[in-house]
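As written, the chain order gives the labels A, B and C, with residue 1 at the start of each chain.
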Amino acid sequence: MRAVDGVSLDIGAGEVLGLVGESGCGKSTLGRGILGLLPEGAVSDGEVRYAGRDIVTASAKELRGLRGPELGLIFQEPMTRLNPLMRIEDHFAEALKRHEPDLNKREVQRRSLETLGRMGIPPTRFRQYPYEFSGGMRQRIMIALALVLRPKLLVADEPTTALDVIVEAQILGILADLKREFGTALLLITHNLGIIAEACDRVAVMYAGRIVEEGPARQLFADPAHPYTRELLRSTISLETTELHSIAGAPPNLIEPPSGCRFHPRCPDAMEVCPRKFPIPVRLEGGRRTECWLHGPEQEIPPGTTRPLERERLAVADEG
Amino acid sequence: MASQGTSLKSYLLTRLALVLPMVWILLTMVFLLMRVAPGDPISSSLGGHVPPAVVQEIKHRLGYDKPLLTQYANYLWDTVHLDFGTTITDRRPVTDVIKVNGAATLELTAAAMFIAVAVGIFLGLVAGRFRDTAIDMGARFFGIVIYAMPVFFLGFLAQLLFGSILGWLPTSDQASPITEALIVPKTNIYLVDTALVGDWAAFWDVFKHLILPATTLGLVISGIFIRLVRVNVIRTMKDDYIEAARARGIAERNVVYRHAFRNALVPVVTVIGLQMALLLSGAVLTEETFNWPGIGHSLIFYLDNRDYAAVQGIIVVFALIVVGMSLIIDLVSAAIDPRIRY
Amino acid sequence: MAIAAAREARRKPRLSRLRRAVAPIGDARGTARLMLWTGTLLTGLFIFLAFFAPVVSPYNFDQFQANGVRFDQLAHPSSEHLMGTTVQSTDVMSRVIYGAQTELEVVFMALILGLAIGVPLGVISGYFAGPLDRGLVLVMDSLFAFPYLLLAIVIAFLLSNTVGKGVFSAAIAITVVYIPQYFRVVRNHVISVREEPYVEAARALGARPFTIMRRYVFFNVVQNVPVIATLNAADAILTLAALGFLGYGLQPTDKAEWGYDVSRALSDASSGIWWTGLFPGLAIVLLVTGLTLLGEGLNETINPVLRRRRVEKVELGTPTSIVESEVGP
């Protein structure tokens, strides 16, 4: 089963790239794959270019050196991500000593307290144990723990999904400021479009292991190119919503994905060519790209297959 | 600034309050059990040759002719004052039996527990870390077989091999008769007593006598620790904070030792406490096998002589020891893992 | 339409539900499978010996002569006595085989008694909670905390003075030791199941307590029982052997018992005589190991936390072909 199939992403320094998609579309796997943290039995193939080097081929030791001071990762469920037997102080000491062994004890403490302070954690709580903090505070500690090493890229895997709305807003505020305060690039992985709209410069939309659309956030939201993006936006609930809209069907089975374009069973604009040929990625104006036969390339579409896909085929394909 | 969590002291007080009812129930059970036995304890322990008048006199002296409730009240009162009665057979105060024989048992069980924990933790950590490899299978197999091995059979084999066939080690008693006669019993723990005086020849003699019984008992108990530690290491390695530590680039060796192993060992302390009961049971068997003059040996002796007073006293002491030990272990656990203190 | 389908589904035989519970055993892989099958074989061997003792055993367990000729005392293993003889001229192998009968008899009885008392107590206590529960827990915990052997010894001792030594006394002594374990495990399980959403839903729908207990709780608990019972049987054999070693529980002249035999063999060891103790002792080790392997194997297959499916190597083929195209819309 391919969780991520032929994905290509670019992220610039200090940029916030949002990666959005339904549950199970492969975005978490992609995020972890960048750091080389895949589960047992998984294999990765391809390139991850960081600072001019391909880190997929890096040795385990090199990778460990990169994780922390260059690449950071914060997880979804903050409650269980800290060692219950270690004080917060010990967590920071361990991370800093590992990557910057020349720092003396006072320096370590100063930097830790400083980063924690920016996350709103008071110094008086530095020596406490994880169980004494709430979920939101633990997530802030996790972010601080990642940031104290000054990584260039931070991958945030659903950082606020497990938190309530108010805390979510605080965390998002912190993440959005990362660029300004630390100069860190952020890959924000989520299924929540609202967060993307607030915090991201660019957005990549993922479906069934592939990036189906990518581009600057504002443009993508104003004028979505891919039908999936469009449907996603329409499903979002806002104050103006009068009736609920959802996308028909269910996320596809990644062990045996649909033929051709993987979205075709659920796409309201599906054409006859869609199940036949895998769409070829095209670049659109404004630095966007997408994979959809609606946007061509024209010459690759066999004549006569631009007719809408028959209803019956749609229903059968729905079985997934 | 120190954490604001529940202090160790208040935890101790809470636990004490919970433990007292249990102690009371145990004491009551022992009392009832001893009174349930048919025939009266005095005549059966003295044999049939004693004239009834003497029996009557002894009964009166020891208070067995009073109404049951009075006996119960006296019994509880005495226990609180640490007076556990006198044996009928040889007229020793039970406290004396505890002091002398108890010390021997203490020597044996302490040494055994040390061996059990050392072997158990080591093999458990190794097996959990290298899961499903030959090392793991070997350690687990050892754990299972050693658990299935009755301590008296292992003792038999030890005596056969090291005693008769190889002739390296002594197979009974706490020390050879000469050493025994010359020892100045202060603590009655011979290892300590000989060391205090600096009599190293005697120390070595006592040590040699301790090896077989302690190792036998220790190995048998280690099986449980192997299993426990192994399972805990496997579980801990799956925990979320392990993955998070790896994401921070912490070296694998530190992830395993500092995070996984340390967290996996937390329950071990609790289990040591739970093994107290097992240890004491095993000690009784070990003492019978190696003729070790401990409290288990005494218990069997008094049981065979139908000395209910002695048996009651000894069992009460056992109950108190077990409860006391588990309390201590709980305290140590709470000191290690701050979450337990609620 | 939907209602008929539901009724049909409920009518599905209980057997299929049981089959579903037992299904993971077939999937067992690796160490779990090895343990399961080795355990079954070993246990099966002893069960066979126990049942067919009179047929399989060369002599009776207390037989010290044949055809008017007394057997040699402490004879080395030979063709007539494959495992040698004891100081009383009895054949060691026969005693081992009949010993299997004794062990299994007593332990089986103790198991049934223990389950019959401990499990219902645990279910009731766990489900209804309240003062009854608290009282029971206190008593059970006290029993549980006490060194098991001392408990068994005292009970066996007292029973031998009233009812007399025998299979029943030994069984009761062992039962008392293990009731708290069954009680505790079952009760904990009941408590955790009781909090599950589906039980709450059933209660919200107005189901009666016994119905809930029977349908949801019991089924869940039953899954755990075989593992516990097997592991307890292993323990119980050790307890019985220990009692026999010390001379409590059974009457040595009534039944052959492995622990008792080892105690008699201790004095032989100093003379270098090994067969009187080695064989009964080995029998204990093998039977207990067999039961433990069986129990652990079952545990690893049924308990999903420790379950580890075989991980197949992944083959990466060519990625779905992509051709970067510069063509605009």
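Everything that follows uses one rule, which is that a contact is a pair of C-beta atoms (placed from the backbone, for glycine too) under 8 Å apart; a residue touches a chain by one contact, two chains touch by 3 or more.
Keep in mind the model is a prediction, meaning the values are calculated, not measured.
Colleague: Please find the two chains that have the most C-beta pairs touching each other.
Modeller: After tallying contacts for each pair, the winner is B-C.
Colleague: So which chain ends up in the middle if you average the CA atoms?
Modeller: Chain nearest the centroid of all protein C-alpha atoms: C.
Colleague: Please work out the Cα centroid separation of chain B and chain C, and write it as a whole number of Å.
Modeller: Here chain B and chain C have centroids separated by 25 Å.
Colleague: Report the inter-centroid distance (CA atoms only) between chain A and chain B in whole Å.
Modeller: So the centre of chain A lies 56 Å away from the centre of chain B.
Colleague: Based only on mean CA positions, could you tell me how far chain A sits from chain C in angstrom?
Modeller: 51
Colleague: Show which residues of chain B lie in contact with chain A when the two form their complex.
Modeller: 1-5, 239-241, 243-252, 254, 258-259, 262-263, 266, 336-339
Colleague: Applying the document's contact rule, which stretches of chain B touch chain C when the two form their complex?
Modeller: 21-22, 25-26, 29, 33, 36-39, 132, 137, 140, 144-145, 147-150, 152-153, 156-157, 159-160, 163-165, 171, 231, 234-235, 276-278, 280-282, 284-285, 288-289, 299-300, 303, 311, 315, 318-319, 322-323, 326
Colleague: Quick check on the complex: what are the chain A residues that touch chain B?
Modeller: Interface residues on chain A, with respect to chain B: 35, 37, 60, 63-69, 72-73, 75, 77, 80-85, 94-95, 98-99, 124-125, 127-129, 131-132, 142, 145-146, 149.
Colleague: Given the complex with chain B, which residues does chain C contribute to the contact?
Modeller: Chain C reaches chain B through residues 30-31, 138-139, 141-143, 145-150, 153-154, 157-158, 161-162, 234, 238, 241-242, 245-246, 259, 262-263, 265-266, 269-272, 274, 277-278, 281, 284-289, 292-293, 296, 305-306, 308.
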